Structure formats: structure tokens, C-alpha cells
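This report concerns only the one structure given below.
Per-chain residue numbering starts at 1, and chain names A, B, C and D are given in the order in which the chains are listed.
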């Protein structure tokens, strides 16, 4: 009885008694949710266009952030010397984006093209390999110590009533929202965007639109690279550029399950739900089990969800044929 | 053929007023027919007539919204495919659905899964292998070898099926279905994509299966020549509806059928 | 030896021998047949038991001594057993070729007044059944395989199982009957009638006795120490003397194991499976295996290719010597052992020849190159001179003196001479009893002293080695003086992997010409390597590059012929390439793959005339079957080339 | 080249269905066993056993487990580390809770407990496939790591949070604990792993293995011919987990001795085992062993070459190792998704028909 009280009643009572704290928790959750959404977006884009579940998306973000820091601090690749001129943030960002495009081209050439028409599961495992390569490569080029990243996003906080708001979080949310809108417009209203959507359904159809498959793949992997760059900047600015950045990819996986592998809105809503859900769970239920449930709560949430709706919130219904 | 006018055998399967839709799309509309014990029954119709859907309904892969199916005179409730298989319905597929990582022999052995003694192939026995599991394996291997010999595929017994030409794959798939010793065998376009010689072989095998084992056969086929030669009775579907049912000669003369095949507007 | 001789005397018929084995080694394997995926073994005791029931079944059906029973089908244990079952009651088995048509069978069935037939499967039953109205003597048909037989009217038809059941019922009433039936047989009795397909004329039924077959089987086996431990693969037509000699007569006399393949499709994998110790085949099979081997090596990587050629050159020098136990230097011996490890051994393994104690080629002359190929890689291949009329054996090469171009000296008990026309004449313990219902032919072939006219043209050298040159009837004169044996030239041509068959012509003409049939696989590969596409055999055979290729082959042969004085005049002057392959179904080859020269000469008369004229091409119907209607589209233009000069091949004309 | 198969005909189905139907393969196996049981113990050093042979055997066993699930049944799992942790913890709790219990029994029970946990996490496979399932197994990985880290009962409330295997004997010979001789531990591992591998081979070549492969190759067709997809997959999950669990238990007791569960069996272990089966060969028993040897030996070789011979810094060498393995995975997936085992099989087929090319 006491146990039930502890699990079911007490946390709810807490929420109601201290609403401003609860709102603060939810708000914090929403902010990390935005980050999850960003990474999940990268997954969804690639999955939609090439049917590849890109496990290395998180490492993409890490790699982008490492490159950005390296350029901004004037680090010479493969050495830890900082003897190059330091670049302003906007130049470094553009250069990093170019690097990410180069990476997309390389991935298409070296990994995807030889594996075209292979089983999805094989493609998936190859991206695990890719993650390892990029992680080793990033560390080799830029060094593996924790680096600070500051591209000039304002920090600080202010209060609305009793609720404390981080200015950085607001910026992050704003940028993420902007990115999503841009992508939505790109996919909805440009010819290339429509072709990208077509290719997910039918490779032949895409070819008939007149865009070679390899270009489509390069474009979509570049876009995913851009998304990774933004995610890398956000996470990197917040908690430093380091290996653990690549682990946020793993956090994005339950988001995908929740939102569906093929749905852009799904990725966003899913990210928010997971972000809020795990924060709330951590704060209100975490202490009961000695905390740190953040690591797995999202997964269990997603799993339970899966049992009821295998295709995710916004995913396409799976029709099996013989 | 195997059927004579004097003694009309009972129906092994009756399809009664079946309607099947996918969302707004009606694949099958109020179709009824029966399959008599020991006959070769053809289901024909133009593309998109709902033939494969019909087979899928019969073996429990799709669940119709309306109507019922009587198998051996019993109304069949919502049934899972593996239950249909257990009830004696085996089938082949339009696009060969073999287990491409396995050999011909192993593929046909999978068809015996329901005939194996559950206890002899239970986990612990199978881990130990020597003893009951091996005995069971050998017992069923013997049966499968008879099928291999029947279908004249001795030379490819141990070849991974992925390496076989299409015609042979179809034959192996028939073997896998036969391994289940079915009462009712559903063949989805058994001759699609075959050359003349392979078609002749397949026809011979189908007739022999029917004659030697007394297996009732329902088949979908596009090659009209084949259908007319093989089948005892033919049911014709068009746009999900039944438009004719009868002997090959009757169906051939039916105006609806002629129209459907010539594409006359309804 | 004496024991064996005694037991032979006592067990003077094949059924008696069977019972002897069943008593002496009941549990050793008499037969194996690959069936349902494994080699199912039948012991001698089981074999005897099955024969007993079948024999009693036949007896119950009213089969009497001297009745003739046709046996037709592939090599299966049951069909082999049915020979004994028929013989056990004193009746005479008459094996037929399973790929003969009903029409071809009908003459034999009529002449032999066949009482019943034992068929392997539905296909053979259908053929025999279709003849029952024509051949009134047929009273029953027995079949082995149940497949497809369910719907047949079983009035005169039964399965071997039913037959055995009838036999079983009979046995329960009279358990001793089988033994007494077998006892009535005598060694001098007629054991079998084998119809020779004959490269000329109509088939003749050769009557062979138990005695003759057993003696020649024993004599040949003793020469090569064939023991009861051997495994052989029975795959040759039951109706061929070579198969009957090895898989039946020697099998019973020696007691080794006969293995029957699963199906004709799996023959070569079954051969590899069994790895026989003792093997017999007509030259055609050996030729095919060599051609395949060479073609496959040709497609192998460069390293393997050069290894192969390196070791084959070595084997050229020492291989045969090592096989014959002659002295060879230590380094060569070592290199050969190495070659055996990485090239010869694996090749033999893939062909199924790595356990071969002795292999025979018989029935027709074999080309030197093919013959020596096997000996070089360590397969003890020898020539045996088989004729149906001698119960399968007359001369056999002995292990220590194998001459490529001879069939060996006359074996023990065999005498041989050459008459003034050059015909080989011999007398053997296996002498046949005569041609069935053909006194005239018998008189022509078998004289009152027991000498048999072989019909072969040949010579005997100082050491008594017999050399067969050709069928007497085929040999002729070139430019009215030179002795011309076409088969000799043809075999030399066939040494080329690109040439599958060849027909040399020129008897009564001024020069020798050749019609070449190219090997589809080897030639096809050759063109593909050169990057040339073709559709079908006709286009392939008529390709300019193929003509060049063959011309080169012929040039080489001509150079070789020019070295020998009496062959120099037989160089090939002109040749053409046939647009189709020769086929036993069209009557161009016998079932054992020998050329039916008469038939072919008749069919290709126009082509042969053109070869010996100065025409540069000739138009032929694409199928030579006169029965088929000829339309314009089915004409083929065959080129004819001179062997010597490429320039005047007449293409431009 | 060395094969002389001709003449090795089979007169019974049991001979035809033997694991090594070709005599030459049998001999190779005998040679292998002689080396493993005689040559290795004779020449091996403490380092050799501890750093190479024992981990190779243990990872081979874990890979066998994952191969059953992924290679044979087609269900991708990223939770191998978590299940190894279950095995290790179960082993620890069983030995400390029931000090009298036979060590072999402890290992088997640890496997069975892990099988139960695996079964639980296999339930989502009823509804989900492919990547979804892979993600579900990741959940297992994180949840289990957290559980063993946070709940002190699993560590018997030791303040350091590490679990330490107490000494145990088998047939009077110490196999666990500080005093156990490395060679004895190796031999025990060898026997145990070989027996379990044999059992796994028996499973995959029999009816159960066929049901798994049927589900893997074409699950819909499998269901239509009478396989129950859910039961079949659950069986694969639990059998797979059993093997992984035993491997985890062995890693604690026979190899590491003392571990901090969440660290020793983290997600990298999951990846490591996955890499073993990709490089070794999906759907091949031999592949699990070859892959394990490769994954254990390669870093040692790489470190020796890069740090020892080329004078690189250890941390840089580590980064190179990452790239090397990642690149290798991509290479194998492109060139031969069935790994070294398949390459070996191709080589073997070539040797069998040598000198012919096909």
C-alpha cells in the first residue's frame, strides 16, 4: 500500500503542489526533446530517402562539432597544434558544412553504392561500421579531449514568475524550429525535395523524375550532415564537444520508434514526448530507484508503445503481401 | 479426369459469400464456390481479379470482412495461416518464396515440420541430436527423398536453392508443399515465367500429384491452354466478382468470360 | 585357383553362382543403388531371396524354359536381378536398349517371339504395350517403378512387387521348387541373346552360353586380379555386351559389388561418389571426360594452367613408365609424386578415378592421345577387344606391355590369326553359339572349327600384339593403291578437344577429305574468349574462326601423317564442318556412340560428293531426315575448305 | 586440392547427415582438437591463456549465441552485453548464495536465468521486426546495465559495486578465484565451450535450426507452411540468451574474476560480439570461433605494430583501431556479408574441385 502510494500518488501530488517546478521540469524536458528531435530528424531524412537506418547519425554530429571547433580554434589536422588562423564562427560553420557534403559524397561512393540492393539489415550494420570509422577519424584528426564550443549563442537566464528559463534553450528551440520549417518547405515545395520523397517509395519512380539515385543519396546525406551539424553545435555548446555526444544518437532511437521511421513530424513530436517524459520520470520517480533512469526510460516507453502501434505514431501502416 | 459424373464427391472446401476489402479497395466481392475432393480446380481471371487474394483468404492469411469458409464441412473461424497449414492446406507462391539460404533438401524438409513428433524434436533432444531427433530426421528424410525422386530433382538435392534456375525453384517449392501431405494444395501460378519444356514438366507433375496421391488441387494460372488441359472445373473472377464457374468447355464458351478477357467495358 | 575352378564347374549357371554367393558370403554387398539419396545396399543373400521370388512369380505366370523375356530400362538392381530370375527357370533374357523406339524394338520382339517383358518404368511399358497387338507372343509385362502406373489396366501387367508376391504364394506351397528349377540348368545352356546394334545392317541376336560367358569373365578377371572387393559403377546399356560382361558375368563369377546410379542425370556425380576400382567404358566416354577436363583447365586461372601444363609435360615423359613399373630417375619420380598431389590426384578425384585398379576401353578403337592421357596421370587404362560373339572378351592388354595402338595379345585360351584379306580371325572359350534364327549369318561368321570372323581389319606384330585398324567393310583404297582405314584418321582428328566427331571419306576416290563435327562447349568457349557471340550450334559451327581453328588442327595432323611412309598419302586435302551434331536418335551413331558409316554416308551423299569435287560450298537441308518436309528456310550453306591454303578457301566466290 | 572425396559414398542417412561428411574434414577436426588439447597447453604461457585463448573461447560462445539469433533466425540484437551481464550476475549470486552448488551447474543455471530474461525481451518480436527490434534490444542493454549498477542486491551490497568470483573447484581442480591456474581455466573453458558449441551445431542442423532459418529467409512463407513465427523467434531469443548468459558467467568466473558489471558488459561488448559474427560469418558456427579469434587477436597485433614498432601514442593507436574495425566491418559487408566462414567455404569448394575452376 505504501509502495503504491509512493509510486502512484506521491509524485502526482508533488506535481500539483509545486506547479512552477513542474513546469520548469517540463520545459527542461522540451528543450532536450528539441535536441532529440534534431538528431532523429537526421535519421528520418536518410531513412526516407535511402531506406538506410543510419546508426552513425550521432557520430555525424560529433564529427561536425569536432570539425567546427577545430576550424574555429585554428587546429592543424592530425596534430594538436593551433597554429592556423582562428576562423570566425560563420566561416567555420560554412566550411564545416562543406566538409559534411564531402563526407556525404564519400559515404555514397565507398559504402552505399557497393551495398545498393542489399538487405536493410546489412546496410544498417554497415553504418555501425561507419560510426566506428568516423569516431576514430574525428579523434585522430582533431584530438579526443573535451573541447568547449562557443558560436555566439547567448546564454544566461531569466525568470517568468517562479520559472527559470535558459536563454540558450530558447535559441536552440528557435533554431531547431527554423530548421524544421526550412526542411518541410524543401521537401514539400522544391522539385528535388519531391524527388527525394518519391525515391523512398520507389527507386524507379525517382529515376523517372530525372535525378540519378547517387545524387539523391548525396543530397540527402548532405542534408542529414547539415542537421547533424546543427545538432552538434547545440549539444556541443551546451555540454562541450566530446565522445559522449555520439551517444545522443542512441537517445534518438526511441524517438524514432515513437514517431515512426518515416515521419518528419513524428520525429519532432516523438522527440518532445521522450524529452519531457524522461525528465519528468527522472525527477519524480527517479529517486525511488536511486536515479539515473534517464538512460533507459525512453526505451521502455518506446517499447511499451511499440506493442500497441508497431509502425509508430505517424509511420505508414505495414501491409504484408505474399 | 479423376472426376466422374456418377459419383459426385463431397466438397472439401466451400467458399461462401466472401467479401474482402483493404481500406476502401474491395478485392473480392461476394464470391462463392466450392472445391470438390480429388479435383483440380482452376481459378482464373484477368490481372487484378482477386485470384491471389482468394488464395490468401483460403489459407487464412487474409481475413474476409464477410462470408465464411467451410473446410471439410466445418465453418472455419478466424484462422492463423499456420493453423490452416496444420489443417492440411499447403500452397506455393506466385513469386517463388523459398528459403534461399537453405538447400533443396532442407527446404523440402521444412514442409515436414508439422508432421514431426514434437517430443522427438524438442529443444533438449535436438541439442543432443543423436537419438530421437536423428531418428525423426531420418524418418522424414526418407519421405522427402520420395518427393525428390518424384519431382526428379535428385541432382540438385544439396544445392542451395538461391543458385537454381527459376523453373527448378518452382519445382522445389511444389516439393515443399507436397512434403506436408496436404489434402488441399493451392498453387499460385505454378507455371509463371517458365519455358515450354518446364511448363510441360510442371503439368505432368501436377497431374501426377493429383493421380498418385489423390490430392485436391486449386490453382491460379494465366496460360489458358494449361488451365483447359489440367483442370476439372474452372471458376472465373473479374474485378473481385465471380463471373463464371464450370467445366473448362463451359467456361470457354461463356460470354462474360470472353468479354472479360477481351476487355469489353462492363 | 583350383577351388574356384571347381566351384565354377559346380556352379555352371549364373543362378547357381548367385546361390553360391548367397551361401558363402551372404552379408557382403552384391548391389548398391543410389535411391532416395543414399546408396542402398543389397547383400548376396537378399539378392538371392529376391531372385527366388521373382523367378517363382514368373514360373507361376507360365514362363517355360527357352521362352524369351525382354528386359528394358536403365541400370537398376531389380533389372539385373531379373536376368537371374529369368535364367533360373531356364528362360532366356533378351536385353533391349532403353532409348530404342517402339518401331526399333518391334523387329527384335517379333524375331525372338518374346513371351514377356520386364520394364523399368512407365515409358518402357508404354512402348511394349503399343506393340502387343503387333507382337502376339507377348503374354505379360512386369514393371519396376510404380509411378504413373496406377491407372493402367493390370490384366497382363504387374509390378515386380506383385510378381514377387505371386512368387511368395507359390513358394509357401512348394518351398523347394526354386532350388530344383535352378538345378536343372546346365553350363552349356543358352544364357542370353544379345542383339548387336551393328554398325551395318539389321541387328542380329547373338546367342551366348553360361559356360562361354563365365569362362571369358574368369579369364579376363584373372589377368588383372579383379577381386570380390572391387566396386564398379553399372551405367552402360544393359543390352551392350560390355556391360553384361562386367556388371553381370564378372560380377557373378568374381562376386564384387555392382553400384547403380540414381538417375542418368546424376551419372557423373555418382561416379565420383563411388570411385570405382574397376571401370569399363566405350572410348566415347573416355574421350568426353578428357575433353571436359581440358576445357575446364583451359578456363582455370593462369597459375593452375601453367602448373597443369608443367606437370603434364613431365607426365608425358614418365607417367606411363611409372605406371608400368619401369625405372625412372629419382628427381622425376619425386616431381611426379608432387604432380600427383596437386594435379593428377585432384583430377582423378574429380573424375572419380582415384581408386581405379584397372579400367578398360572397348567396343571401338580409341585415339592414342585420349588413351595415353589416362595412363599418364596414373589411371591404369587398358584396351580390351570385346565382341558380342566372343562373350565380351578376346584380347586384353597385359599390365607390363601396353602399346597405345594395340588391343593386346590374344588372352589365355584365345587364338588369333589374320587372313589374306587382313581380317582378324579368332577362336575363344567364349565363342557364341550362333545367331538366333539366322543360320546364314552364323555360317558366314563362325566356321566349323570354331574360328570367328571379326569383321575387323588389322595386323599382328612380332610379339603377338593385335592392332585393329578399322572395320573391314569400311576400309578401301585411295588413288586405287593406298590402303585407307577411315577410323584411324578419324581417331587422330578427334584428339583435338575442338573436334567431337569426324568422318573421313575417300575410299575409291583420289584423296582423303573430312567432315568435322565440332565440340560445342570447347569451340563455344574459344569463340567467347575471342569476344565473339553466336546463337546456336549452326552459327557456331560455320564461323570463319572455327574453320581457321580446325584447319590448323588438320594441318598439324597432316604434318604428322607425312612422317610415316604408308600414311603420307592419306593427308586430308579438303574438309567441311557439319552444321549439326551426330545423333543416335537419327541413326547416325549406335547406342554406344559408334559411327554408323553406311547411314551417314547415305545421308551426306551430296556433301561427300562435293568434298571430292572442287566446289567451295554446298547447300544442305538443315535436317537430313528425308521424312520431314523441306522448306526454303531450312537450308544451310556449308563451306568447304582446302586444308593447305587459307587464301583459296573460296569465300569470295 | 587435398580432398579425395571420390569413393566416400554414403550408405545411410546418418552418414550422409554427419557434421563432417568428408573424411578429410574429419581429419582436420582431429588435428585441430589435438592442437587445442595438447599443443596449446604444452606451449602456452599465462599471458597466452589469459589474454588470448580464454577470451577467444568465451567470446566465441557469446558469438555462437548471437549467431543463433541474428545469423540463423535473422533477428538483430544489440543487447548482447546486457545479457552477458545477466549471466555474470546470476553466476555471482548463485555462487555466493549457494556455496555448495556445483560450478558446472552454476554456469548452466546462469545460462537458464539469462534465457528467461532473453525470453522477456524477445516478446516485442511478436509485433516488431528489423530495426525496431534492434532498438528494443538496445533497451535491454541500457536497462540491464542500469539495474545491476543501481540495485545493490546484485552486488551483495559491496561498497565498491564490483562483483568478485569466489574460488571454486571442478573435480578437485581450482578453476576460479585467484589461485586457479590459467591453463586449468583454459582447459575447462575449452571443454565447456566445445560441448555447448556441439549442442548449438546440433540445433542448427536439425528441425529447430530449419525453423529459424525459415523465419529468417521468408517469415511469411514460413508461417504459411506451418511454422509459428512467435514461438520460433522466442525459442531463438531464449536459446541465444542461454549461450550469451553462459558466456557472461564464464567471463566473470573464468576470465576476469572481478568486474564492475555495467562497465565490463557495456554496449561496446554488444558491438564487439556483433562484429565477431559479421567478420566471422553470419549463420556459421565456425564463423563464431574464427571471428572471436580475429577480434581478440587483431587489437593485440595492431597495438604491437603501431605502438611497439611504429612508436605511435597508445591513444592514437586506439583511434586507428576504431577506424580499422569500422572499415573492416564495411569491407566485409560489401565484399562478403557472410564473413570469413563464407570465404573459407568458397575456398573449400575451390579446393574440392581443384584444379578445375567450376
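We adopt the following convention: contacts are C-beta pairs under 8 Å (C-beta built on N, C-alpha and C of every residue); 3 or more make two chains touch, one makes a residue touch a chain.
Since this is a predicted model, take the numbers as computed values, not measurements.
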item	value
Any chain in contact with subunit A as well as subunit B	D
Labels of chains that are neighbours to subunit C and to subunit D	B
A-D or B-C - the one linked by more C-beta pairs in contact	A-D
Centre-to-centre distance between subunit C and subunit A (centres being mean Cα positions), rounded to whole Å	76
Subunit B and subunit C: spacing of chain centres that average the CA atoms, whole Å	45
Centre-to-centre distance between subunit D and subunit A (centres being mean Cα positions), rounded to whole Å	32
Cα-centroid distance, subunit B relative to subunit D, in whole angstrom	41
Subunit C, residues touching no fewer than two other chains	37
Junction residues of subunit D, two or more chains touched	13, 220-221, 224
For subunit B, residues that touch 2 or more chains besides their own	61, 93, 97, 141-142
Interface residues, subunit B side, partner subunit D - complex	59, 61, 80-82, 84-86, 90-91, 93, 97-102, 106, 109-111, 113-114, 116, 121, 123, 126-129, 133-134, 136-138, 141-142, 176-177, 180
Footprint of subunit D on subunit A - complex, ascending	53, 110-111, 114-115, 118-122, 124-126, 128-137, 139-140, 144, 250, 253-254, 256-257, 261, 289-293, 295-296, 299-300, 302-303, 306-307, 310, 320, 322
Contacting residues of subunit D [partner subunit B, same complex]	13-14, 17, 199-200, 202-203, 205-208, 210-211, 213-214, 216-218, 220-228, 235, 239, 283
List of subunit D residues in touch with subunit C within their complex	1, 3-13, 15-16, 353-358
Residue ranges of subunit B touching subunit C (in the complex, touch as defined)	105, 141-142, 145-146, 148-150, 152, 154-155, 157, 208, 211-212
